[in-house]
Amino acid sequence: MTIDWSWIGDHTDDLTTLTFSHLQAALSAVLFGLLISLPLAVVAHRIRPLRGLLLGLSNVLFTIPSIAVFVLLLPVSGLTRTTTVIGLTIYTLVVLLRNTVEGLDSVPAKTKEAAKAMGTRPLRALLTVELPLALPVIMAGVRIATVMSISLVSVATYIGDGGLGQLFTDGFQRNFPTPVIVGVVLTLLLALVADALLVAVQYVLTPWTRRRA
Amino acid sequence: MNRRTLLGGLFAAASVPALAACSSGITSLDGEGGASGGGGSSKDGVTIGTANFTENQVLGFLYAAVLEAAGVQTKVRPNLGTREILIPALRGGDIGLLPEYQGALLHYIDPKAEATEEGEMQNALAMSLPVGLQVLPYGMAEDSDAFAVTRETADRYGLATLADLRKQNGRLVIGAAPEVKKREVGVVGLKDVYGVEFKEFKSLDSSGPLVKGALKKGDVDVANLFTTDTDIQANRWVVLTDPKNLIPGQHVVPLIADRKADSTVRKALAQLGNVLTTADLTELNRKVDKDKKDPEDVANAYAKEKGLTR
Amino acid sequence: MYELFKNLGDWLVSGEQWTGPDGIGHRLAEHLQYSLLATLVAAAIALPLGLLIGHTGRGAFLAINLASFGRALPTVGLVVLVFLASGLSMWPVYVALVALAVPAIVTNTYAGMNAVDPDVKDAARGQGMRWHQVLFQVELPLALPLIMTGLRLALIQVVATATIAAYVSFGGLGRYVFDGLAQRDLVQVLGGAVLVAVVAVVLDLALSGLQRVLFRHRPA
């Protein structure tokens, strides 16, 4: 199995396009996942009976093969980017919901009582006290969800999307390893870079966690 | 944020996959005449969808080359899947144009169709296509389905025609793309027309690495291949003849949404159809599969060489 | 919605659907075979590795980051790559599944070992226990809950991902998903997906039951 370096040189434009398309799908999914899981996590955190239901439900979602999710979405959103993003979002929810709930759980009860005693209104306490303190655990979830999404995008190649995943089906059909190797390497690099950037973001967002280190 | 709206959102999110599975027919994929895929006429551009095998992508890029030369903006979406996926996408508007094959398309639309001659099939297609879709004049090039066996298998069982398969009913394994199991030009027709029954159907791919690999290795006895596949000759595989005309003529034919089929598009695609021969198409496939050239480059070079583009 | 689930019900209960080479019975057996064998092989590789790293403390960086690498590795790409190298064989399926399972098991095993109180280990050594006694009689039992978590996580992922076997011509429940996609038969796709989910949940429950039996003698 040899690498055809000239193919890589001839396809830098295509590879750039695919990489950006890949990234766009993965990041949109994480963003939508956050928008959906934050309010859900607050509900799950506050209303105990719903907690088990929500977390259990999201665990079951995780056991469904991703390719099936994409196919089952076809009647709703067709062969479009929307299908890819909805499918990926479902998988990010599993991680984001759990970590956000655990993050909120990790806020000490005394801190919450102090905020209440100072007359902070519940919504304000949530936004200015609880969520910031939960941030390290939430960010851990965001990192996992991002890396997972970047890896999963390629499955959407079975419904004609999939960013760098298109290199896999192409190489497969033509018995041509070069695009496949390039696709795997670029996916790993994207995940690595995105993860490192998120670590940096977390460092900036949570200055209070640094003092102890 | 009150509790009720939160709960509403919760149930909406929780039921996404369930809804997804259940609302077939409401929106795009089955809907008729959706507006996406580039808007209302060829002036807004044409999105060309292609199936999951090399030749269809070559054809898609050939369509794109001649249309661009005629001043129509195009976008090719390679490797979208099977006809079963592509035609609903065309009806829903996700794509506007699709390289098709006359007989296979006709049997997909109307499994009971009896037409076998090119002109008849063209008429039958015009009659039976869903509202909003039409076929343009078919081209010279032809790529038929073929059922092939290795030379050794042919010798051992004395196989020359599809009818001969019947002598080995229940003993042979056939390999083909999954959709062929339910297609008239496939397992269904082989049983109805020739009375052939296989021991097992193996889901593989469309004249791709799986089905050819399995035939070579002996995992399948009979393989569904395309006649434009150069590996048939290279491996000296035997294509079983079809005395009862189960396999209809398979001239390449553009399937297009009505709103995209203006005179510019018709003229450009007709010109291509009159130039591209079966031998040309076979050679273009070979360049992509064996020389690892891009389908797009191969298509553009061909169009230029034949004076279809400048 | 009603119709799809009614069709799914019909699909699941029809006798014809359960028999023959493409029957649910056979596909289920294939799926279990791929999943269990891959998880066993992965455990045979990952458990010693995780225990070793946890016991010696060397290679901790690797153990922590391996999980992230495992998540980043695109399974489809890996399957295709091994297919191009090995041809039509089970290698692509098993390599991809094992590669998926190993990181989860290593990382969790290490985490479990790492969480064992150093004082407990010191005390064990102080009593004159040899290194293997410390490992197997002290550390391993204390780390077992997290190790089991890793195994369960790996198994769930492997069961869901074993679907990919169908992409390279093999069987398992993924056959229904890929055939259903090609034939645009959503009932078949949904049936396959539901069966995969059921298998994953049942195996997970079985492992958690096993875990409970193993810990019966100890307070949680």
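Points to keep in mind about this one:
By written order: A, B and C. Residues from 1 in each chain.
Note that in this section a contact is a pair of C-beta atoms (placed from the backbone, for glycine too) under 8 Å apart; a residue touches a chain by one contact, two chains touch by 3 or more.
Everything numeric in this text was worked out from a predicted model, so none of it was measured.
The chain pair B-C and the chain pair A-C differ in C-beta contact count, and the higher one is A-C. Distance from chain A peaks, on a Cα-centroid basis, for B. Averaged C-alpha coordinates put the centre of chain B at 37 Å from the centre of chain C.
Between chain A and chain C, the centres computed from C-alpha atoms are 21 Å apart.
Multi-chain contact residues, meaning those touching two or more other chains, occur in chain A at positions 64, 69, 72, 74-75, 157-159, 169, 172, 175-176. Across the assembly, chain B contributes 19, 21, 23-24, 81, 85, 88, 209 as residues in contact with two or more other chains.
Shared contact sites, meaning residues of chain C that touch two or more other chains, fall at 83, 178, 181, 184, 186, 190.
Chain C makes touch with chain A in their complex at residues 68-69, 71-78, 80-81, 83-85, 156, 159-161, 163-164, 174, 177-178, 180-181, 184, 186, 189-190, 192-193, 196-197, 200-201.
The part of chain C that touches chain B in the complex is made up of residues 1-5, 21-22, 83, 87-88, 166, 168-169, 175, 178-179, 181-186, 190.
Interface of chain B with chain A (complex): residues 1, 6-7, 9-10, 13-14, 16-17, 19-21, 23-30, 36, 49, 52-54, 77-81, 85, 88-89, 92, 94-95, 205, 208-209, 288-289, 292, 294. Residues of chain A that touch chain C in their complex: 1, 60, 62-69, 71-72, 74-75, 143-144, 147-148, 150-152, 154-155, 157-159, 164-165, 167-169, 171-172, 175-177, 180-181, 183-184, 187-188, 191-192, 195.
Remark: chain A residues 4, 7, 11, 36, 39-40, 42-43, 50, 54, 57, 61, 64, 69, 72-80, 86, 90, 93, 123, 157-160, 166, 169-170, 172-176, 178 touch chain B in the complex.
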